Structures are given as structure tokens and as C-alpha cells.
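Look at the two complexes coming up: chain A is in both, with chain B in one and chain C in the other.
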Partner chain A sequence: MIWNEKYECMPVNELKQVQSERLKKLAAYIYTNCSVYKDKFDKAGIKPDAIRSIDDIKKLPFTTKIDMRDNYPYGLFCKDQKEVIEIHVSSGTTGNPTLVGYTRDDIKLWSEVMARCMACAGAEPGDTIQNAYGYGLFTGGLGAHYGGLEMGLRVIPMSSGQTQRQLKIMQDFKPKIISCTPSYALYMAEEAREMGIDPKKGSWKIGVFGAEPWSEKMRNEIEATWNMLATDIYGLSEIIGPGVAQECPNKNGLHIFSDVFYPEIIDPDSGEAVAEGQDGELVITTLTKQAIPLIRYRTRDIVSINYEKCKCGRTSPRISKIKGRTDDMIVVRGINVFPSQIEHVLLGIKGTEPHYQIIVDRQQHQLDEVEVLVEVNSKMFSDEVKQLEELKRKIKKEISAVLSISAKVTLVEPKTIERSMGKAKRVIDKRQM
Partner chain B sequence: MAKQLHIFVENKPGRLRAITDNLQKVGINIRAFAIQDRGDYGLMKLIVSNPEQAHLSLADMGCACALKDVLAVSIPDRPGNLHRLLSVLVDGGINIVDAHGFVLQPNQQGICILEIENLAQTNAEQVVRKAGFDVLGNDQLNNL
Partner chain C sequence: MKIKQISIFLENRKGRLYDVCSLLGKNDINIRALNVAETESFGILRIVVNKPDVAIKVFKDADIVAKITDVIAIEVDDRPGGLADILKVLADEDVNIEYMYGFVEKSSDRALMVFRFDDVDKAAAILKKHNIRIVTEQSVREL
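This part shows the complex of A and B:
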């Protein structure tokens, strides 16, 4: 079904009208209510009344994760904190995390777009969803939860982990929909076999998989293993959380809800739009969000876009699967990790120098493993094993506190981490996506 | 007080050899060695002819290494002597962190290299000497 036919299937010229009206309002709203944006507008020499249609969006300055970090915590808010009813925190590049906040209307918007996603994947009111995205500060869990409630699904709020229990719940309540990271779906199949359950006979018929990059190969494997339809969902906490774009059963790109999240694809270096169908950085403007609306937010995700009407009837454009990043962020078990966060941890530990390397690996049908190699230098070197072990334990503890994932820490000899062109290669990703 | 050279070594083929190669080039004689294994890495512990020079040479190469004061005790190579040495330390409330030993002259003399917990704050050397053992300094170790 199509959850919001009016907007999802709106003729393109009408849609443009809606986007134009919303952008005009947004420019005025943000200029009046947020001094950071006012300064940005003023610096760019642009007044809100210069925005007359959606095409004028190019006149507006970009917003980046740096803006979010520099104005932490409340600088980008356009609403008084009393009107903010929920906040989430995700990883920042260094030091300060990224804070996102929602007014009551923002939560309604989030519920609406997530309901669109569920329906787009093939859910019908009355179906049961097993939501195995993590609940908590991570937006995945609650986002899918709100969407499920909004469209009248029966929601089983499993959260992530507890694999045997997940499988028991699947057998007992026969949910039709599963939402989790794609790698977790494969991991659960492995566990199911070990428990003597045939995944092919499982109750899940629709998967809403996201929060990490995955390939067509992985999709085929999930679909064959679980005998289900595996769809891709996209989102980022800065914009709203999950619910920005979703594949329909045609599996030919993710419908981005452009009446509320206006997409542009740009050349990351020049900032200019690329031709339709070309790869570029996805930039999103939240047309109706209230607490922290974002103008031309640089997602750093590389995609292409297709504006053709889809066979499903939706006119909302389709973005490709994420093809890469313009920065060095990696996604591990659905969690965004910036190498700079690890650098920050190491700098904070007395005696350590930030010579490190992150190795990410995934054994077949297993979850991601992270190993951090840290060079031991003469300053931090202790002549006792006990102290080296203590150092290792400390690094491990702090990394897990900052990243919310556990990493193996390996101490290595000085100057053994490969340096190319004088700059160390920070991440080695061995995963087969 | 004798000095022992402690070197951080990754547990990979060729790492120990890089150290011995460096030391042989500057003419350092290795009198004794031991390795403390920690899985993915270990500490190589060396008694060498010129600890300061060896330390500098390895540090120049970029090794993570340090010189550590240890108790080098000469003990007669006969049954019961290590037991006697340890008993003296136990009675003195002194804790051994790590140790290794080697025979110098069969049936006559052995050397015990002891890393003592908080060595500077203990009277370990005194206790050992009082029990009749010789405690060797660097020069003596060198001239063995």
C-alpha cells in the first residue's frame, strides 16, 4: 500500500509547488529563530525573501556536521527546549556528539515517514513487526517503533541482540516484518540453524534493513536464506533518523520523501549539482522540521538519483544504495564510527601518541569485528607487562565508552603502522559487503 | 644495581631478529635473555655487555624499550639454593614480579635475575646479601 498517496504520488509540478512553499517558509523561520543560521545567511549575503521557489535553494549555504559540533548542544535549535519532547545523541567526529531534538510535530513527522517506509516495503495495517533495531539513543529502534504504531502494526520492541530470544519470539508470534541491520539478519540465520530452525520456514516475509551499507549480493543471500523480501531503508539522525528513504518491492532505488526531505546531489568538491543519474554527495534540506531544521545538509553519502516515476506509482525520486562516503566514516554494526573519535580517545590517554589503525572485518555470517592497533612509543612504554596490559585495558574501555562498540586493542611496535605519503592509512576495511 | 633492557616486541616472525641485528651491529654482547609472552606481543628482557649503549641504539631504531634495575644474584649451582634465596625474600616480605636464571659454571655458579616489585622502596639487596648471596652490578655481570 501507499501510506500517503497525496504526497508520495503527487504530480511533479504540484510537488515542486509544495516544495517551493515549504522552502520559503523554512528560510524565513530559520532566519528568525536561529542566530547561527542568521549569521550563515548574512555571511552568504542572502535574505529569506530572496527564496521564491525550490530552485533558489542553490543560493543557500550548506550545513555540515562541523556546524552541528561547533554549535553543540543547542545552537542549531529553532525552538525553545520546553517544546522539545525527545532528544537523541549520535557519534560526532570528535569530542562533542551530535545532538538531535524533536518537537511534538517532529515526532509526528518521523512517525509519518516511517509509516510510509513500512508501507513502501509492503507492510499492511494489522501486520506484526519484530523491531530488532537498538532502542535508546540510536534513532533506529524508536524510529521504526513510531512508524509501526502510526500505521497500525503490532510492534514487538525487541531491540538488538539476544539472538536466541529473537528467534523464539519469531517462532511464537510469527511476525511478518523484521527490521534490523542486514548483517544481523544473516547472523540470525546462522544462529537459527544452530538451534535447529530452518530459516526458510521462518515467519519473516519482509525485511526493512538499514543503518549500514550492504550490497545486492547480500540482499540475494538474505532473501534466499530467509525466503523473504529484503528492502533497504535509509536515514540519518541529523535529518530525522531512519525514514528518509525506502525501497519498494521493485527494489530499484530508495524512494526519498522529497516533499519533506528535499534532495540534491552535488559534486563534493565544487558544491555544484551533478547531472541526473551521476554519482555525487547527497545533500538534504528538511522542509518541515521544527526543532533543528537543516538547510542543505551534507550527508557525506555518495548516491545517484532517479526522478522517473516508479512502477509502484510513487513520484518521489529514488536514490541508489549508498555507494560510498566523502569522509572516512565507517559503519560498524550499524554504528557510525569516525577514526577521529579513536584518535581523540588516544590523545586523552596520557603517554599515548595517536598512531593507530582500525581494522574492520566480518567473518561470513558473523557480526563486524573491530581491531584497533596502537603503536607503543618509548614514552608510553612501560617496562612491565602489568602496566602495558593496564594501558590496553584503558584504551579498550574508553573506545567502547565513546563508540558504544567493543573493540579489540592490539599494541604494536613503533612506526610499524603503514604510512602512505606521510599520512597513516587509518582504516582497513576487510569486509565483503 | 644491574640493569636489564626491556623491549616491546610484537609476536611476529622477524621481530626478535631485528633486535639482535641491531645489537650485533654495534657490538653488544648478549649475556642472557628471556621473553615474557602476552599473546600478540611480548617483552624481551636482555642482560647485555653495555646496557646504556644498547638502549640508545635500539631507541634510535625506533624500538619501545626501557632500562630497568634488577637484582642479579649469584647463587651456588647446588640443590636447594634457589629455595633458600626465595625463602629469604619471602621472609622479607619482598615480591618478585618476573625472574629468569642461567647457569654460569655447571655445579658451581648460577645467576638469578630478579625483577622486584617497587625495588627502590625495598631493602631486597640488603636482605639477600645478609643471607650470604653475592649481588652483582653491571660491571661484574659484564666480566663474568
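This part shows the complex of A and C:
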């Protein structure tokens, strides 16, 4: 079904009018209510009344993750904190995390777009969803939860982990929909076989998989293993969380809800639009968000876009699967990790200089494993094993505290980490996606 | 009284111990005592050599992480209970041993043991008080 036919299938010229009206309102709203944006506009020499249609969006300055970090915590808010009813925090590159906040209307918007996603994947009101995205500060769990409530699904709020229990719940309540990271779907299949459960006979018929990059090969494997339809969902907490774009059963790109999240694809170096269909960085403007609306937010995700009407009837454009990043961020078990965060941890530990390397690997049907190699220097070194073990433990604990991932820490000899052009290669990603 | 021990960080890789030992051999440095502490992913080689100051420089130049630690070498009677007698004194006097190991050579009818104490000066004073024979740096060089 199509959850919001009016907007999702709106003729393109009408959609453009809606986008134009919303952008005009947004420019005035953000200029009046956020001094950081007012300064950005003034510096760029642009007044809100110069925005007359959606095409004028090119006149507006970009917003980046650095803006979010520099104005932490409340600098980018356009609403008083009294009107903010929920906040989420995700990792920043270094130092300050990224804070996002929602007004009651923002939560309504989030519920609406997530309901669109569920329906787009093939859910019908009355179906049951097993939501195995993590609940908590991570936006995945609650986003899918709100969408499920909004469209009248029966929501099982499993959160992530507890695999045996996940499988027991699947057997007992026969949910039709599963939402989690795609790698976790494969991991659960492995566990199911060990428990003597045939995944092909599982109840899940539709998967809403996201929060990490994955390939067509992985999709085919999930679909064959679980005998289900595996769809891709896209989102990022800065924009709203999950719910920015979603594949329909045609599996030919993710419908981005451009009436509320206006997409542009740009050349990351020049900032200019790339030709239609070419790869570039996805830039999103939140046309109707209230607490922290973002203008031309640089997602750093590389995609292409297709404006053709889809066979499903939706006119909302389709973005490709994420083809890469313009920065060095990696996604581990659905968690965004920047190498600079690990560098920061190492710098914070007395005596450690940041010669390090992050190795990410995934054994077949297993979850991501992270190993951090740290070169030992004479300041850190001790003749006592317990001192070095303590150092390892401390690094591991700090990484876990900052990144919420458990990493194996290995101490290595100096100069053993490969350096190219004088700079160490920070990340070795061995995963077969 | 104290002697210099060199500790070296070693990854658990084939040939690393050989690399270190051959480096010593090439530089005409003789190993007097040796011990390896191993963990799952790395090891610590501890050695007493005849030329510790030369050795540490050789390691630094070869980008090998090494450091000097003060330890005490003790002459232990080579008879049943010889080591136990010394350990009893240390235990009674509340001296904590981090680790210990034996020398390659013997000094006449006595065995030589390296002791690493958390408080080396306190340990030396107590050993002296109990007339336990401590080997000097000079005699290590001449072994």
C-alpha cells in the first residue's frame, strides 16, 4: 500500500510547488529563530525573501557535521527546549557528539515518514513487526517503533541482540516484518540453524534493513536464506533518523520523501550539482522540521538519483544504495565510527601516541569484528605484563565508552603499521559486503 | 647492588626472538640471564647482558622498544630448600616479588637468580640485613 498517496504520488510540478512553498517558509523561519543560521545567511549575503522557489535552494549555504559539533548542544535549535520532547545523541567525529531534538510535530513527522517506509516495504495495517533495531539513543529502534504505531502494526519492541530470544519470539508470534541491520539478519539465520530452526520456514516475509551499507549479493543471500523480501531503508539522525528513504518491492532505488526531505546530488569538491544519474554526495534539506531544521546538510554519502516515476506509482525520486563516503567514516554493526574518535581516545590515554590501525572484519554470517592495533612506544612499555594488559584494558574500555562498540586491542611493535606516503593507513576493511 | 635488566617488547611473531638475539650477537653482547613472559598476543623478553648500555642503544637504533629496569641478582645455595630460605625472608619482611628467573651460569656451588621487586631499594636493604649475597654489576660483567 501507499501510506500517503497525496504526497508520495503527487505530480512532479505540484510537488515542486509544495517544495517551493515549504522552502520559502523554512528560510524565513530559520533566519528568524536561529542566530547561527542568520549569521550563515548574512555571510553568504542572502536574505530569506530571495528564496522564491525550490530552485533558489542553490543560493543557500551548506550545513555540515562540523556546524553541529561547533554549535553543540543547542546552537542549531529553532525552538525553546521546553517544546522539545525527545532528544537523541549519536557519535561526532571527535569531541562533541551530535545532538538531535524533536518537537511534538517532529515526532509526528518521523512517525509519518516511517509509516510510509513500512508501507513502501509492503506492510499492511494489522501486520506484526519484530523491531530488532537498538532502542535508546540510537534513532533506529524508536524510529521504526513510531512508524509501526502510526500505521497500526503490532510492534514487538525487541531491540538488538539476544538472538535466541529473537528467534523464539519469531516462532511464537509469527511477525511478518523484521527490522534490523542486514548483517544481523544473516547472523540470526546462522543461529537459527544451530537451534534446529529452518530459516526458510520462518515467519518473516518482509525485511526492513538498514543502518549499514550492504550489497545486492547480500540481499540475494538474505532473501534466499529467509525466504523473504529484503528491502533497504535509509536515514541519518541529523535529518530525522531512519525514514528518509525506502525501497518498494521493485527494489530499484530508495524512494526519498522529497516533499519533506529535499535531495540534491552534488560534486563534493565543487559543491555544484552533478548531472542527473551521476554519482555525487547526497545533500538534504529538511523542509518541515521544527526543532533542528537543516538546510543543505552534507550527508557525506555518495549516491545517484533517479527522478523517473516508479512502477509502484510513487513520483518521489529514488536514490541508489549508498555507494561510498566522502569521508573516512565506517559503519560497524550499524554504528557510525570515525577513525578520529579512536585517535582521540588514544591521545587521551597518557603515554600513547596515535600510531594505530583499525581492522574491520566479518566472518561469513557473523557480526562485524573490530581490532585496533596500537604501536607500543617506550613511554607505554613496561617490563611487567600486568602493566601492558592494564593499558590494553584501558584502551578497550575507553573505545567502548566513546563508540559503544567492543574492540579487540592488540599492541604491536613500532613501525609495523603500514605507512603509505608517510601517512599511516588508518582503516583496513576486510568485510565482504 | 642493583643490576640493569633490559626488557624488550615482542610481538608473537615467528623469528622475533631470533632477530633480537642475533642483534646482540652481532654487537658482541653476551646474554647472562634470560626470561620470556608471554601473553596471548605479545611477549616481554627480559635479559641481563654484559654490556647493558650498548645493548639499549642497539635496540633503540633498530626501532625495538626496550627499557632498562633495576633488578637484583641473588646468589642462592644450590641445595634443596636454598631458594625457599630466601623466599621466606622476603615473605616475612613483606617484600613483594614481581617476577624472578635464573642465570645461565652458576657461580661455583651457588645458583644465580634475578629478582624484580616493586621496591628495589627496600628489598636490597632487607637482603643485606639478612646477609643474603647480592651479585654486583661488576661481577655480572665478568661472569
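Going forward, the second predicted complex is superposed on the first by the 433 of 433 C-alpha atoms of A that agree within 3 Å, B and C clash if a C-alpha of one lies under 4 Å from a C-alpha of the other, contacts with A are read in each partner's own complex, and residues count from 1 in each chain.
The definition used in the following text is that a contact is a pair of C-beta atoms (placed from the backbone, for glycine too) under 8 Å apart; a residue touches a chain by one contact, two chains touch by 3 or more.
Quick caveat: nothing in here was measured; it's all calculated off a predicted structure.
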item	value
Chain A as common anchor, with chain B and chain C clashing or fitting	clash
Partner chain(s) touched by A:A275 [first = chain B, second = chain C, both, neither]	neither
Partner chain(s) touched by A:A401 [first = chain B, second = chain C, both, neither]	neither
Which of chain B and chain C A:N377 touches, first, second, both or neither	both
First (chain B), second (chain C), both or neither touched by A:P414	both
Common interface residues of chain A - those touching chain B in one complex and chain C in the other	376-378, 381-385, 388-389, 410-416
Touch list for chain B against partner chain A, complex	6, 8-10, 15, 36, 38, 40-41, 43, 59, 62-68, 97-98, 115
Touching residues on chain C, where the partner in the complex is chain A	5, 7, 9-11, 37, 39, 41-42, 44, 46, 63-67, 69, 98-99, 116
Contacting residues of chain A [partner chain C, same complex]	376-378, 381-385, 388-389, 410-416
In the complex with chain B, residue positions of chain A that touch it	376-378, 380-386, 388-389, 410-416
